[in-house]
Structure formats: structure tokens, C-alpha cells
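The same chain A turns up in both complexes below, where it pairs with chain B and then with chain C.
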Partner chain A sequence: MNKAVKSRKNSRIKGIQMFLMLLPMLVLFFLFCAYPLFDSIYLSFTKYNGFTEPVFNGLANYKRLFSDSSWWRAVLNTFELTVMAYVIQIPLSLLLAILVNSKIKGQNFFRTIIFLPNVTSTAIIGIIFFFMFSSYNGIVNGMLQGAGLINRPVEWLGNVTSAKLIIILLNTWSQVGYLMILFLAAIQKIPTELYESATLDGASKWQQFKCVTLPMLGQMFQVISMMCILNGFQLFDSVKVLTGGGPGNQTSVMALYIYNYFFNSTGAQQGYASAVSVCATFITAAVGALYFLVTSKKFKEN
Partner chain B sequence: MTHLKKGIAAALSLTMVLGLTACQSAQGNAAGTEGALKETQGQAAETENKDSARAVKAENVMEKHASGDDASGEKVELTFWARASSADNNQTITMDEFNASQDRIHVTVECYGDNYEEVLKLACNSGEVPDIFEISGLSDVKSYIDAGLAYPMDEYLTEELKAEFNPSAFTKYAYDGQVYAIPHMTRYIRVYYNRDLFEKAGLDPDNFPTTLEGMYDAAKAITEAGNGEFYGFGLPIKSGSTWERNIDDIAILSGLTGPYGFDYTTGKFDFSKQKPIIEYFAKMYEDGIMMPGSESIDIEVLRANFIANKVGMYFDGNWMVNGYNNEIEGGDVTNWDTALVPVFEGTERAKDYLMLESGHCISSSSEHPAEAFEAISYLLHNVYSAPARKDASKVAPSLSLIDKDNAEINASPEVQKLKGIKGLSMDTENLSSFTVTPHSALTLEGDSRDTVYPLLIIQGSSMDMDAELDKLSETYNSALENAVSEGLLEEKDLKPEGFDYYTR
Partner chain C sequence: MKKKRIKPGRVLCYAFLTAMTIFSAFPLIYAFFGSFKSSVEFLNGGANILPAQWDFSSYAKAWKEANFARYTLNSLFISGMTVVLTLIVGSMASYVLARTSFRAKPAIIGLLGLVMFIPNVVLIFPIFKMCQSLNLMGNIWSIIITQTASGLPFLVILMQSYMVSISREIDEAAEMDGCSFFRLFYNIMLPLSKPILATVALFAFKNAWNSYLLPLALSLSKPEIRPLTVGVIALKDMGEGISAWNIMIAGSVLAVFPMVIVYLFMNRFFIEGITSGSVKG
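Here is the complex of A and B:
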């Protein structure tokens, strides 16, 4: 009896202890995630410029959203950049992971070199890329002019296509190291016996990769892909620094579009920005859910 | 022992919770959402806990003021937020002088630069607005009044005082017959050009072209002479204000439209009227006469390149005469000058566009509006003469709305010796503002002019310019209708009777 009371007491203390340990996280979560989230849902039904009282305007912001072609262009740009990033980054990081996992000289050196850009802030990388690709006094133009390949500086960031390619290049360079480390961790978890028996069965390196490595990556592959996709949807700093969405919103992405309405120093439209961010949340969640749905089925089958 | 461990663990958790909660106000600024910001402001207001009486509503203040409650004999402390990037600016110098000139009022000046609007917005939400602040581009005057920010200053405006100013001073920030701020600066646009580069291109620097066609030819000649070293014209496409400085200014001088393509003869926005000017700059861009990289540079970068002898000419505000002579390093070394903005050949020239943007407001939560006005009045009368009194080398032209001050200061030999002074207007006679500038009162539901124009310049030839400009006019006109129906603008102001661009 005494023991039972004691253990009940113990579990209660344990419960309190756990709650206290979680509390800092919960406080921050409610303050900086839950509260702003609900507040923006409320603001999305209002007309609000950030300093006068919000005025309820029903579904007007949402109606406007559906006919706002600039917003949908930003959504399309986000999809484009995400798909491009995925198509380039996933195979590249997997390839790099396999390469640095093989017995090559200076393995750690390569790992560090490839991972290093990830340590630097994207905004700083953005500024460096801006200096590299800026039309006037840019490093790339300087090199091309020096080599006599061009006469007049190329407007890398003024042209929509080249600007998008530079954004992708920047993101690939900064992200690929991180994705490579994740792949590396997953590859190193694969039991070596599998490779040994495959070798005994006479499987080539390619066959080993296709029939052992790839299937064994399984869930990890799914998680890494998911991260890559979500990173794409959160794309903001690199675009902000490189092009600012310009020229004429042509390279804008979802997060930047919201930011521009939210923090416009002259005539901010925070009510509309909130409606747009609610829409962006739904789009991102829908893509995430769809991806999980499709891939989990596939992984289960496997 | 286990109890002790558990006790320590619990205590540690508690400390962590308290620690993190205490930290949150510092972290708040990084959180990019309105909700988080609001929360932080609340916290900041609590933490700073300045003076609870500061939160008193405007009505109470008025009552207090009427009863003369603040005549306690002690020095009145006022705060003033100046829009300036360094503490050594004209407004701070003038306020220091004001503090020294009497012993009843002390004004503390705090400077905020590019983030002025954001800081003011935060202050508004947390009820921490200073006694004096600069009315900015945050929104229209009515929004400032609705948000409880601005206090009318009519009761302090004597007829004598009014007579000193250019009449535009009392129209820009007026609402419902009351004045909420008085601008302290006359802004207008001039061409800044490099005399040395003009000579290198075989042009006469004493005769700046008077037509846009002539300016195009000069820019072309400079670019050709530069051979990749320097270029004819600079257009900082990344800066939002570029279009007001370049395209609007030419449109106003040519009697085509007002600012932002607003046509005061029809009371509607009509961006298509600015098409010839857009095409002019688009051609410059396409022909490679413009400085490369224009699409991704802002005005600061352009100024740096101008001073480094890389750009032949560009459009900038009259205040840069002071900027280059006294503030920007190397500005006094480069051989530059100013000239009037040209118009197309055969176009009759209208008055220069006078922009009035730096007005000072008394906060409606200020406990000492009369003293705040006294400080503002001192500033308006002395802001152009005080810096030179402090440091004789800081001589600058006066850009005041008080013509008497302009005449006095600008006639002095020191000012006359300044670079670029010849191109400036010495009085406000040939300058004229517009009673209302409707674009500032609009909530646009679509791309703004600042978003569309860059595209028209960069991809000019491949775009259907007419369709883009019509769409832009449509966006602005539909927002205009909303603003009128909300009472932000009055129809009679939009289409003043007998309006003429040449006699305004």
C-alpha cells in the first residue's frame, strides 16, 4: 500500500518535472508560433496597416488573393525553384555522399570543404553572390571581360532566367553539403554484410548502388527529400538579397511576397499579407502531405 | 540522494523557464511576425516603464494643457525622434542650440535612419511615441490622426508666423482644416553631372543640355568616350524613389501628369501619359548608355559611383548639394555641378515639383504640446543656419520654406562658393507643390508603379507597354475610388477647378 502511494507520488513528481522541462519550449512555442499564427488568421479577415485599428472586412482579402496574378507568379516561381533545387540537389548530394564514403584520399578534407558553405548564413552567401554576379564591377563579368569573351557586362540579375539560375546555384552550393552529411549518415548505417554478399554474388558497383544502397536508404531518403522540398518553400533570404524579387516581381517567391506586404515601410497591408500567409501555409502543408502520402505508400510496398 | 537530485533538477528547470521568459523581449525583434512583435512591444513598454503619465489619452492631455497644469517651474523634458543616420545632423545640432538658448525646455534627440517608419510603428503600438516625431511615408495624415499619433498645431500658429512661410507649408499635412505638421525642407530635383567627364567627351560643361534629346546625345558621347571606364547616365532602378525623381519630375515639368501619373485635369491616374518618358529611359538602357548594373543598384551605390567619376549624370535631390559638399567623402574633390532637369524639345516648361516631406508632428500623447511646438518652431527657423554657427566649415545652402531665411543664408559668399549651388533655386517662387498627392492615401490591390516600371525599362521593347500602363492605371484608379469612398480623399481636391499644370 505504502509502496503504491510512493510510486504514485513519484510518477506525479516525474510528471511535474517533465512539464517543467518542457515549459521553456512550450512558452516559446506559444509566444512565437501559436500566438502569431492565430493572430495572423484573425488579421487575415481585416484591413490593417500595422498601426491603426484593424477593420474587419470579411473574406475580401481572400477574394483578392485569388485574382492576384503577382501572388500566383510568386507561387509558381517557388514551385519552379523547389523542383529545380530538388532535381539538382538530391542526386548531387547522394553522389557526393557516396564519393566521400568511398576509400579516397583526404576523405575528411572533402567532407569539410563540401559542408562548409552550410555553416555560413544564407544572407551573407547572398551578398557574396551579389558581388560575384553584379553587372557592374562584378567578379564574373570581370573574368569574362578579362578573358575577352564579352565586351559589355552581362546583366545577370536583370534577366529573369539567369537570375533564377543564380538563385538555384546559390542554394545548391549552400545546401548540398548538409544533405550530403545526412545521406552519409544513412549510408554508413547500411550493414557492410549486404555489400559483401552482393560482391560474392558478382554484383557490380552500379548494381550494388541500385539494389542495396538506394533501397536501404528508405525512410532517410524520404526525410531528406522532404527537407529539401520544405527548404524550397521557405526560400527567402537568398532571393531578397540577390534580386529582391525583381525585376517587377518576376523572381519573387512566396515568403518574399508576404514579407513585402507585411513590412513595407510605406503603406504596409498586414491584413492582406496575413491572408496570403495563410494561403502559403495551406500550399506548403498540402505539398508536404501529398509527398508523404505518395512516398509512404511506396516505402510500405517496398 | 535521489530526492536531492530531483530537487536540483526541478530548480534548474525553473531557472531555465524564468531565464528564457526574461530573454524573450530581446528575442522578439527577430521574430518576423506581427503577433510576436506586438507581444514584444508590450513587454518592452513594461520593462522600460518610463512615465506612466505618458500613456494618457489625447483628451486628458488637452484638458491638462488647457488648465495650465504643467506650469510647475521645472524644466520640461521632451523627446524628439529625428530621421537621420548619424547623430551629427542638422536637426540635432539645432536642438542642442535650442537647449542652450533657454532654460525652460530640454529636448533629447534620438536618431533613427532607414528604419524610421518601423520604429515609429512599434512606438505607436506600445504607446511610447516621443513628443516630437517626423511625419513619414508610413501612411496619409488621416491615418496618423486615427492612430492617435498627431496633435493639431493650429492654436500655436499665429498669423505672423504663417506669413513667414511659403503657403504650401500649411497644405501638405493638413486634414479637416487643421495643420498637423509643417515641412522644414523644400525638396526638388536637379541633374547632377560630372564636368570632367563632359570635357573628356568633348562637351561644354558650362552648357548643360536643356532638352532630353540633348541629354541623350551627351550621355551617349560620354559612354563612348568612357569605353567601359565610365558611362553617360545613372538610373538606380532598385530604389523605389527613382521613378519620382526621374519620370515624375520630367512629367510634371512637361505638364503631362502630377506625381505617380496622377492627372489633376481628370482627377484620375493615367500612367500612359508618362509613356514617352519611360520609353526614353528604356532606350537609354537598351542602347547601353546607362551605367551597367542599373537594374540592381540603389541610389547610394550610384552616388558612390558618381563621386568616383564613373557616371556622367544622374537625377538627385537638391539636398545632395549639402551632402556632397559636407557629408560624403570625396564629394568636394570630384568636379561636379548641377543643372535644371531637361524636357523634350518643343515642350513648354512648367514649374519645378516642390516636394514637402519632412514635417514635424507633436504627438497627441505629449504632455507639453505648447513646448513641443516651441521647439519645432525654433527648428524651422534655425535648422539651416545652426550647423554653420557650430562649425564654420559646414556651410550649406538653405532649403527652407521661409524665403527670408533662404535669401539671407544663400546670399552669403561662403554659400555662393559651394559646388553645385548655381543650379539650385534661391527662392521658392519657381517651385510648386500639389495640394494633394493621392497616391499616398491608396491601398493598392495589385502591383505598384515601383514594381512595374523597372520591368518596362529593362524589358521595354519586348513588353506590351500600353497594356501594362493601362493595367497600372486601373489598379490605381480602383484604389482611388475606395479611398474616396472611405473619406481619405475628397473628390474636389482631386480635380481642382480650373487646374492648369503651368499656372499651378
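Here is the complex of A and C:
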């Protein structure tokens, strides 16, 4: 065998090995992501209850979707909770990252404990919050009453506004440490010389933050914000466990609404749920893309 | 001699960090001590965090009557197998994506990034249907495979970006010596990637252990394959109401504290894993 033939044979073997090594991931990707997505799109044009064969019914599901006020209520709630999460969590986690990064004692301890919630299950913590905020035997009411701040137990989860606040509180609890660590990593990448020269120029801490830290965060700020937004749109566990969408479907969010239509034991409507899913995917992708475009432009201007 | 002055800004900083630390730890501390209260004491509520009398009956009940022994085993099995599958499938794929170039590669990497935009809840019903037609419904492997598939895109990107940064010199030398593509991966790349593999294993375990939506949907027809998260929350939805509260709080502690303890011992890996992944990716 001459050299050329041998090397061609080798490269063919390499090609086969490459393909075989990539194959398992591709199979999983197609079976559990691409196929389900296309199946959802197909089902969204049918009337389907999970038992009998799906029947094509054109755009009927989409027409129904547009006049389904409780769906748009859930969409609105999702936006509301996402915006609130963003407004609270991004500044808070950035502030924490800066504080933890400064020369203080016990920074490792603070960092470790503030990140701790991120390793726990949001669904289970939902149960714990549910106990803490239950009206007659929850510890929050117990403490508030003990301190004489309230006379009667507050119905935290029975009222739409306070229920939403508790959902936000739970999400802030579980997210802030994670976002803090991401910001911390980005801050530590900023060269210290920049701060040194800023100090020499007599810049105050606030000026340093505004003129060095924020611009240098740039792309990372965008990535972290995007993550915060995408998490908001996937919101499910905390709402399902804390309120189940109640009272009266008024705290429902997109993912929970879809789940209930798919898996409700009485009267599931999978065709319609698929149309709602497709709509939710569009909304999520559109918001993600829009945010990305707007912020990219802004960063370029800077 | 200079006298140390206490700056008000510094005090404020400590006060704020301490408050956040208490906020972060409180629900866990509350749950931990609450699970040792007697059923009556827990239901009476009040402002006490510590139990008046230590009582272990909630755990005994959860373990024996509420099937939590089974759920704990399920959680361990699901999370363990997810880690194994993720490492095998993910490390091979990341290696190919890090070390070769072919026409479809940018498309594959792009798709992995895009997948993160698709809400999980959108995919779960078709997966549910697929498992039904493959007769996998009620099989614990349906949860394991779905969990692996849903975590892979992010973890593959994480591993790929680490492997790209490993020097190619060793590869080239080994290739000159006639080492095949797969042997190169197995004998050289894997040992060099140990740190990122450890991080990925930890992440995959954590995600599988804490996952709720996927195992909830896939164990609807068969409660015996439920992991802890689904088992605990099922008690809330079953309408047994207040009588099951002490079992639920004990179950919550069982579901949450293993991860907390692992984290407290290995927090380096968690935090470094996140930062290395995010900064490069």
C-alpha cells in the first residue's frame, strides 16, 4: 500500500469515528427537541384530545387563541413578573457582586451563603415558602403578630398582588446569588490598572463604577440580562407550587397555562395547547431577539 | 500612631451583606428545624424557629408511609444515570465540535444555542406522546433520557469551549505516532478535561435532582417512578391538606439538604464552573 492510499483510508476512518461520536447527541437532539417542536406545530392545526386521532381544523385554534382572555392574562403576568425580576435582580446582584469583590472580611462566607439558594430546587422551596407565608400558621405572620405589626393574619397567597410579590420574592431568592457570581466573574476580568489610573485621576467610587465597571461589563451585562429574561419567560415551578395560578387564574403564567391544557386530567385539549405553545415560543424568541438587537446597538454606540 | 476609624459606608456594607445572608439562609433553616417539630407544634405556627421538643416522627412517617424511601432511591438513580449519560454523550460530542471542522459544525453549534430559547413546557407533551408510542411511559429511563437531552445543549457548549482552549500540540504529536481519533479522545483529551468534566457532572446532577416539570409529566401515569421533588409536591396537590404538612416538610428537607451539603463541601467547583462557562461562552 502506498502512502497516499493509506492516508486516504485513515481520513475515512477518522470521518466515521467523528460521525459516530457525534451521533448520540444528534439523535437526542432530534428526538427530544426538533421532533417535539415540529410535532407541536403540526398539532396546533388540529383538534386533538390525546385519545382519538388528531383532526385537521385549520386555523381554528389560533382564532380561539386570539380571543382567549385568560391566555393573554397569563402572558401579561409573565411580562409583569419578568420585568419585576429584572428590575430587582439585576441591580441587586450587581451591587452584591461589587460589595463581595471589595476588601471586606468574610467575603468568601457571604459569597457562599448568598449563592446557596441556587443549588436548591425551586419547586421544593416553593413548598417551604408556602408554609412560611400560610395565613394561620405561617412563621411570617407569626413573627409579624409577635412584633405587634399586624393584628390579624395576612392572607399572603389569597390576594393577587401579594401572591405575585411572593412569587417575585421566591425567584429573587433563588436567582440573585447566581447572577451575583456571574457579575463577580465579569468584574474580576476587568484589569486593575484601569481602577488605579482612575484613582490617580481622583475619580470617586461612584465615578469609577459608572465610567470603568459598567462599560467594561458590556457584553457580560447583556448575557446576564438575557438569562434573567429567558428565566422569567420559563417561569413554572414557583407559580405552580405557590398559587397554582390562583386565585381564579389571576397569577397564572404562560408555562403553567400551557401545562394545564396539556395535562389536565379532565378535558385536556392538546390541539389547542399546541397552538398556545407555538405562540409562547414565538413570544419568547421575539422578546429575546428584540432585547439582543436593542442592547447590541447600544453597546456599539458606546 | 494612626487610629482606625470606622467608616459609615463600611458598616452599611456589612449590614447589607449580613441581611442578604440571613435572607438567603432563612428558608432553609426554617425548614430544617421545622421538620423536627411535632405535627401539632408545626401546625400551630407561631414565631419560633426552633422546635420546643425534638420530634423525629415526621421523618419516620415520610419514610415508611409516604413512600419517600422509594422517591429518594428514584432521585438518586435518575440523577446518577443522567450524569453518566451526559458525560458519555456530551464529552464525545464536545470533543468532535472542539477539534474538527466540517460543513455542518457552525449550524450544530448555532442550534445548541437556539434551543435555550424554547420553553421546556412546549416540548414536554410531544415527548410524553412519543414515550407512550414507544411503550416507555412509566419507565424511569424515560425521565433519565429526557433530562439528559434537555441539559445537553448548555453543557456541551461549556465542555466544547474548555476543550478548544487545550493546546493542540499534544494531539498533533500523538497523531504523528499513529494514534486514532477516538484513542486520542479517550487517552489524551478526557484526562486533560477532568476539571470541566467534574463541573459538568455536578451541574447535571444538580439539575436532575432539582428538576420538577419533566419528571412530573413523565411520572403522571406511574407514581412509583417519581423523584423526591414530584413526590413532595404531589402531597400538596392530593388534597390531604394540612394532615400531610409534617410529611411534606420532612420530605422537603430530604429533597433539599443533600444538595446543600454537597455544595457546602464543594462550592469551589460550583462557582468556578459557572464563571468559566459564562465568561467563555
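Just so we're on the same page, the second predicted complex is superposed on the first by the 280 of 302 C-alpha atoms of A that agree within 3 Å, B and C clash if a C-alpha of one lies under 4 Å from a C-alpha of the other, contacts with A are read in each partner's own complex, and residues count from 1 in each chain.
FYI, a contact is a pair of C-beta atoms (placed from the backbone, for glycine too) under 8 Å apart; a residue touches a chain by one contact, two chains touch by 3 or more.
Everything numeric here is computed off the predicted structure, so don't read it as measured data.
Trainee: I'd like to know which partner A:A186 touches here: chain B for first, chain C for second, both or neither.
Mentor: second
Trainee: Examine A:P54 and indicate which partner it touches, taking first as chain B and second as chain C; both and neither are also allowed.
Mentor: neither
Trainee: Looking at A:N137 after the superposition, I want to know if it touches chain B, chain C, both of them or none. Which is it: first, second, both, neither?
Mentor: A:N137 contacts both chain B and chain C.
Trainee: First (chain B), second (chain C), both or neither: which does A:P24 touch?
Mentor: Once the two structures are laid over each other on A, A:P24 reaches both partners.
Trainee: Hey, is it chain B or chain C that touches more of chain A?
Mentor: More residues of chain A are touched by C.
Trainee: Is A:S40 touching the first partner chain B, the second partner chain C, both, or neither of them?
Mentor: both
Trainee: Regarding the shared-chain residue A:N249, is it in contact with chain B (first), chain C (second), both, or neither?
Mentor: Only chain B is touched by A:N249; chain C is not.
Trainee: Would you check which partner chain A:Q269 touches, where first means chain B only, second means chain C only, and both and neither mean what they say?
Mentor: First partner only.
Trainee: Using the touch definition from the top, say if A:Y259 reaches chain B (first), chain C (second), both or neither.
Mentor: both
Trainee: Applying the touch criterion given at the start, work out whether A:V119 contacts chain B, chain C, both or neither, answering first, second, both or neither.
Mentor: In the superposition, A:V119 touches chain C alone.
Trainee: Return the residues of chain A at which the contacts from chain B and from chain C coincide.
Mentor: On chain A, the residues that contact chain B in one structure and chain C in the other are 13, 17, 21, 24, 28, 31-32, 35-37, 39-40, 43, 50, 130, 134, 136-138, 145, 244, 259, 262-263, 270, 274.
Trainee: Note which residues of chain A are touching chain B in the complex, please.
Mentor: Result: residues 13, 16-17, 20-21, 23-24, 27-28, 31-32, 35-40, 43, 47, 49-53, 64, 68, 70, 130, 134-138, 145, 152-153, 155, 157-158, 243-244, 246-250, 259, 262-263, 265-270, 272, 274 of chain A touch chain B.
Trainee: Would you mind writing out the residues of chain B in touch with chain A in their complex?
Mentor: That would be residues 6, 9-10, 13-14, 16-17, 20-21, 24, 27, 31-36, 38-39, 115-118, 121, 124-125, 136-139, 143, 146-147, 149, 228, 237-238, 288, 291-297, 305, 440, 442-447, 451-452, 454-456, 458-459 of chain B.
Trainee: With touch defined as at the start, can you tell me which chain A residues reach chain C in the complex?
Mentor: 13-14, 17-18, 21-22, 24-26, 28-29, 31-33, 35-37, 39-40, 43, 50, 96, 99-100, 102, 104, 109-117, 119-132, 134, 136-139, 141-143, 145-146, 173, 176-178, 181-182, 184-186, 189, 220, 223-224, 230, 233-234, 236-237, 240-241, 244, 254-255, 258-259, 262-263, 270, 273-274, 277-278, 280-281, 284-285, 288
Trainee: For the complex, give me every residue of chain C touching chain A.
Mentor: Against chain A, the touching part of chain C is residues 10, 13-14, 16-17, 20-21, 23-25, 27-28, 30-31, 34, 42-49, 88-90, 92-93, 95-97, 100, 102, 108, 111-112, 115-130, 145-146, 148-150, 152-153, 156, 180-182, 185, 206, 209-213, 217, 220, 228-229, 232-233, 236-237, 245, 248-249, 252, 255-256, 259-260, 262-264, 267, 270-271, 274-275, 278-279.
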